[in-house]
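Presented below are the structures under discussion, each in the form of structure tokens.
Presented sequentially are two complexes of subunit A, the first with subunit B as partner and the second with subunit C.
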Partner chain A sequence: MEFVDEIIETGGPILGTEHIESLRVCMQCGKCTGGCPSGRLTAIRTRKLVLEALLNMRDEVLSSDELWLCTTCYTCYERCPRNVKVTDITRTIRNIAAKEGYLALSHRMASSYVVKTGHAVPINDANKENRKKLGLPEVPPTTHTYKEALQGIQSLVKKTGFDELIGFDWETMNLKE
Partner chain B sequence: MKYAYFLGCITPNRYAGIEASTRKVFKEFDIECVEVPGASCCPAPGVFGSFDLKTWLTIAARNLAIAEEQECDMTLTCNGCYGTLQEANHLLQENPHLVEMVNEILAEEGHQYKGTIQVKHCVEILHNVVGLDTIKEHIKKPLDGIKVAVHYGCHFLKPSEVRGQGSSERPRLVDELVDATGAESVDYKDKIVCCGAGGGVRTRDLEKSLLFTLDKVNNANAVGADCILDICAFCHLQMDVGQTELRDKFGKEFENIPILFYTQLLGLAMGFTPDELGINMHQIPMSDKILQI
Partner chain C sequence: MKIGVYVCHCGINIAATVDVKAVAEYAKTLPNVVVAKDYVFMCSDPGQDMIKEDIEELGLDRVVVASCSPRMHEPTFRKAVQTKGMNAFLFEQANIREHCSWVHEDREKATEKAKALVSAAVAKATLLKPLEVMEADVEPSALVIGGGIAGIHAAIDSANAGYKTYLLERDPSIGGHVAEMCKIFPKMNRAACLLVPKMTEVLTHPNITVLSYSELLDVGGFIGNFDVKIRKKPRYVDPEKCTACGECAKVCPVKTDDGKAAIDMPYPFAVPRTYTINPELCLRFQGEDCTKCKDVCPEGAVDFEEKEVEEEIRIGTIVVATGYDEFDASLKPELRYDMYDNVITGVEFEKILLEAEKTGELKVNGKEPKDVIFIQCVGSRDKNVGNEYCSRVCCMYTAKQATMVKDLVPDSNVTVCYIDVRAYGRGYEQFYENAQKKGVRYWRGNAAEVYKDNGKLVVRAENTMLGDPKELSADLVVLATGMTPKSDARDLGNLLKVPQSADRFFLEAHPKLGPVNTASDGVYIAGTCQGPKDIADSISQASGAVMKALIPLCQGKVLIEPITSVVNEEICSGCRMCEKICVYDAPTFDEERGVMTINSVVCKGCGSCGATCPSGAISMNHFRDQQIFAQINMLST
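What follows is the complex of A and B.
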């Protein structure tokens, strides 16, 4: 299968097939790269990522660090004269990269906090103290308070296979390895 | 008037002052905040949306379903949460096959996404529901002479075809809310540019993500702003904690600038004390000029 078709098949069911298929009409004008705030400061070249995707350079795209330097600010998406939904295509390509094992350890860690606590940024003692000083309940009324809600999140990620994707070990309640 | 206040992660777990100030200000306008019990991470649009779109949408649908059970629209204080929940709500309301997909998973916990509510950022409510005139009537200490560098953050405005906040290049909503307090919203270089935190960049490559923040701080200082004002808990963390990281971890030199969330600024103008608004809990201390309001 061509890489473009794989991208459309991955993102299409959630974000819309036409939406992701917009990738095909890119004319390589470079407006995406020109307006990219990350491109000013880092090695990401959005136009090049799109070109490589169109040229079926699957391995190069999926293994590149640049793929992960997009902050999803949507500037390219807003300004594209051909209405290529660049940011959502980037998110979709990252989904494929994640399945291929290219998730960074730091990203797997952040994901593991959601599986363990329901939150990517969980509460800690200093912030419990701050909450108390402000007259708020020490622990917020989220999965932090409701244990059955946390179990709900945990069974949800098992059903979608997110636990497998990030390599979560339910016995140690931590990442594998 | 009541809204289900979706807290997310960073607001309640790192910047409780944002939560406290929003609850206090809303109360003054007779807006009741009800809880979204058992809510989780939204989950972050550029992070979890980048890892697995199905998991991202399903967790978002679960949070929306719990808010629906409270029988009112949802509000929130983070653009990441807004990005995810507003987008997920839009996708689900437009696509019955997605509703079927998420509900099959949510059924086990006894939730069902129905598509009955809207997701409204707290500043949308203040601007469009409360209104600038009513806000002005509640100002006890006009913030005359305070120069504010407004930082919109990306996911409040973009993608504009989904968010519906008007121009993503020259937005006005937050500037008008700032002007209503008596403070002055000043123009500065790259005002609508990203803080650098999103898309998993802060987590994966802290140094590069902070280069955005350093530019923000320098650009706001260059026009003599007294603070950077945001409407997003994640931008807030990036710009507040980020300044200490820039200095301590990466040896950058620059002038500190205080970071305020909109309801903290409004709270000061409405007569609440800095301590009531959690302003003294920030990493970057407030200037005397702001504390003496």
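What follows is the complex of A and C.
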């Protein structure tokens, strides 16, 4: 199967086939790369990722470190003159990459916090202080307050195989080597 | 003699660089000048009124305006002096804008130059002689050369306007390239659906005479009165008798590779609906005694003895719509068009697609192609083959063909190698996007070469977006060949006195202000003979050209500028040098008197004959030697 079709088949059922199929009409204008806030500081070149996907360069795309440098800020998505749903396509490609074992360490780390705390970014002292200033309770009404809800999340993680996907070790409650 | 001089400011166009008041003051000092004034816009009504009043009150008999180029406002001022009874040719214009203020910065020097130009104009004006504009009647008919999509539409427009129109086509049928196309972008209409109703209209229109299978031999005369000589080639079939039943083609022993008999019609909807014998194929014309078609014809239409006929027609104006040739792909040897039968041109693929539309199956050399690569810009944007220009249609016809491949063979891999995608027309960008939606892959990079590896075609092309050359495998390569000028455009151009541009297409009078006019009065151009363009643009231009061509026919008379050459018969030795140099055939030799005479309606006043004449017998009205020397004298003192 062509990589383009694989992306559409993967992302289509979740985000809509037409939505992901917009990938095909990219005209390589570079609006995305030019305006990418992450790309100013990192190596991500959005246009090139889209091109490689279109040219069936599956291995290159899936194994690239750049794929994980998108912050999903949706700037490219909003600006694309051909309405290519770039960010959602990037997320779809990441899903395929993750299944192939290419999930980046930083993303695995963030995921492990979800398993451990129910939050990709758990509360810390600085945020507690900020919340107090804004007149909010120091701890949000999430798994941080309702510890019993964490069990629900963890059983979801097990049921969906998310633990396997990120390589989570339940004994050490940390990522596997 | 009383000369009035008027110096124009042209707003600040002249006044910002030239001291116009000083120029006017200076003009007053010139011999014969009785009045000199400056004004902000001489071409405006108050400016013209100033001249008219002075003619009346001061009795001026010459007027000089120092302003813009005569190309701009000479007609304006000629008309103005004429209203007061002055001969229009006693007006002279000094160009102190294009020739002075616009090209200089130093105010002092520019003012001195303007003074010099004015003094030269005054010197010439002193020697000007009145001339009379000539009038000629106009034959109320038009000739359209070329029966393609542009010519067909031109003929219909002209005929609908009520004028007798001749449509000249050298092939057996009108229809041109479009007759052999499959579908037309961007609406995907069938080409035949666009064309056939118009071809029928041509055939049945009471004002149109179709001169098919005929060639232009010669064009004489001038605007309003062209004498056109036509050669009708023998069809060896009488179109009046032929019912196009096709029995003849069935019995014809000759069959070409593309299934044509020696007696055949180019396509079923040919106009005129008649069979034609191709003497290059027919056995009878190769010395064999075959009469099969003649024997079977129920109407007795076949006539092997038919001879070519020459005909002369008087024509008012001419629209040239002779179209283009397809670029010869074998001139790009690296693309191996001559070597592999699965490397074909876009035009060839068009015929294959036409067949595939009928059968629902795409077959190239008997096989359904799976990996199809289109290569764009073959013979366009390529100085190497002498074609610097973009052919303007290949991006879109490739997008169309690529889309059709995806429709006919959904699991095919279709790649388009391109330099830029130029989708400029209405609906074209959407059409290109739609091709991508259908899964056509666009590969930015000019294909460098085509070769074979293990029996399969390989296209080697850099992807300039990736920065890497790659080898792409294909079982069909389609070359998007562009348009080139007709190989014999120069011959036709010589007959009609229509020059070619550097790109060898016919040259318009002005790219913006005269896009369908030519240097030859009464001859207009439309469609791809003027430059590559698509069907929509060709038809628009055809309508525009006809509009221009009908103006003299509507007016019924043409005015002929008297700025022509004149022969001093007492000096002329009849050496006939002028006859050889003149491109308009204006000088003819008077055998009886042994001198040259000039046909002044044909003469354009270019001056070539005058410059060539070894005895100085020829001079140009309005540009006589004394007049020019007077100008030069003033400039050199």
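Here is the rule we use: the second predicted complex is superposed on the first by the 156 of 177 C-alpha atoms of A that agree within 3 Å, B and C clash if a C-alpha of one lies under 4 Å from a C-alpha of the other, contacts with A are read in each partner's own complex, and residues count from 1 in each chain.
As a convention for this text, contacts are C-beta pairs under 8 Å (C-beta built on N, C-alpha and C of every residue); 3 or more make two chains touch, one makes a residue touch a chain.
This structure is a prediction, so every number in the text was calculated from the model and none was measured.
*Asks:* Using the superposition on subunit A, decide if subunit B and subunit C clash or fit.
*Replies:* fit
*Asks:* Touch check for A:77: first (subunit B), second (subunit C), both, or neither?
*Replies:* In the superposition, A:77 touches subunit B alone.
*Asks:* Looking at A:118, would you say it contacts subunit B, subunit C, both, or neither? Reply first, second, both or neither.
*Replies:* The first partner, subunit B, only.
*Asks:* Between subunit B (first) and subunit C (second), which does A:63 come into contact with in this model arrangement: first, second, both, or neither?
*Replies:* neither
*Asks:* After lining up the shared chain so the two structures overlap, which partner does A:54 touch, if you call subunit B first and subunit C second: first, second, both or neither?
*Replies:* Only subunit C; A:54 stays clear of subunit B.
*Asks:* Touch check for A:17: first (subunit B), second (subunit C), both, or neither?
*Replies:* So A:17 meets neither subunit B nor subunit C here.
*Asks:* Going by the touch definition up top, name the partner, subunit B or subunit C, that contacts more of subunit A.
*Replies:* More residues of subunit A are touched by B.
*Asks:* When the two structures are overlaid on chain A, which partner does A:27 contact: first (subunit B), second (subunit C), both, or neither?
*Replies:* A:27: touches subunit C, not subunit B.
*Asks:* So if I put the vertex at the Cα centre of subunit A, how wide is the angle out to the Cα centres of subunit B and subunit C? Nearest 10 degrees is fine.
*Replies:* Roughly 100 degrees separate the directions to subunit B and subunit C.
*Asks:* Look at the superposition and give the distance in whole angstrom between the closest pair of CA atoms, one from subunit B and one from subunit C.
*Replies:* The answer for the closest subunit B-subunit C C-alpha pair is 21 Å.
*Asks:* Which residues would you name on subunit A as touching subunit B in one complex and subunit C in the other?
*Replies:* none
*Asks:* Touching subunit A in the complex: which residues of subunit C?
*Replies:* Per the stated touch rule, the residues are 413, 421, 433, 436-437, 439, 441-444, 463, 465-466.
*Asks:* Please output the residues of subunit A touching subunit B within their complex, sorted ascending.
*Replies:* 10-11, 14-16, 37-38, 41-42, 68-75, 77-78, 85, 87, 90-92, 94-95, 98, 103-104, 106-107, 110-111, 114, 118-124, 127, 130-131, 133-136, 140-146, 148-153, 155-157, 159-162, 165-166
*Asks:* State the interface residues of subunit A toward subunit C in the complex, per the touch definition above.
*Replies:* Interface residues on subunit A, with respect to subunit C: 2, 4, 21, 24-28, 47-48, 51-52, 54-55, 82.
*Asks:* Inside the complex, what are the residues of subunit B that reach subunit A?
*Replies:* That would be residues 7, 9-10, 12-14, 16-17, 19-20, 23, 35-41, 43-55, 57-59, 62, 91, 95, 98, 105-106, 108-109, 111, 154-155, 158-160, 168-169, 190, 193-194, 196-201, 203-205, 208-209, 211-212, 215, 275-276, 278, 281 of subunit B.
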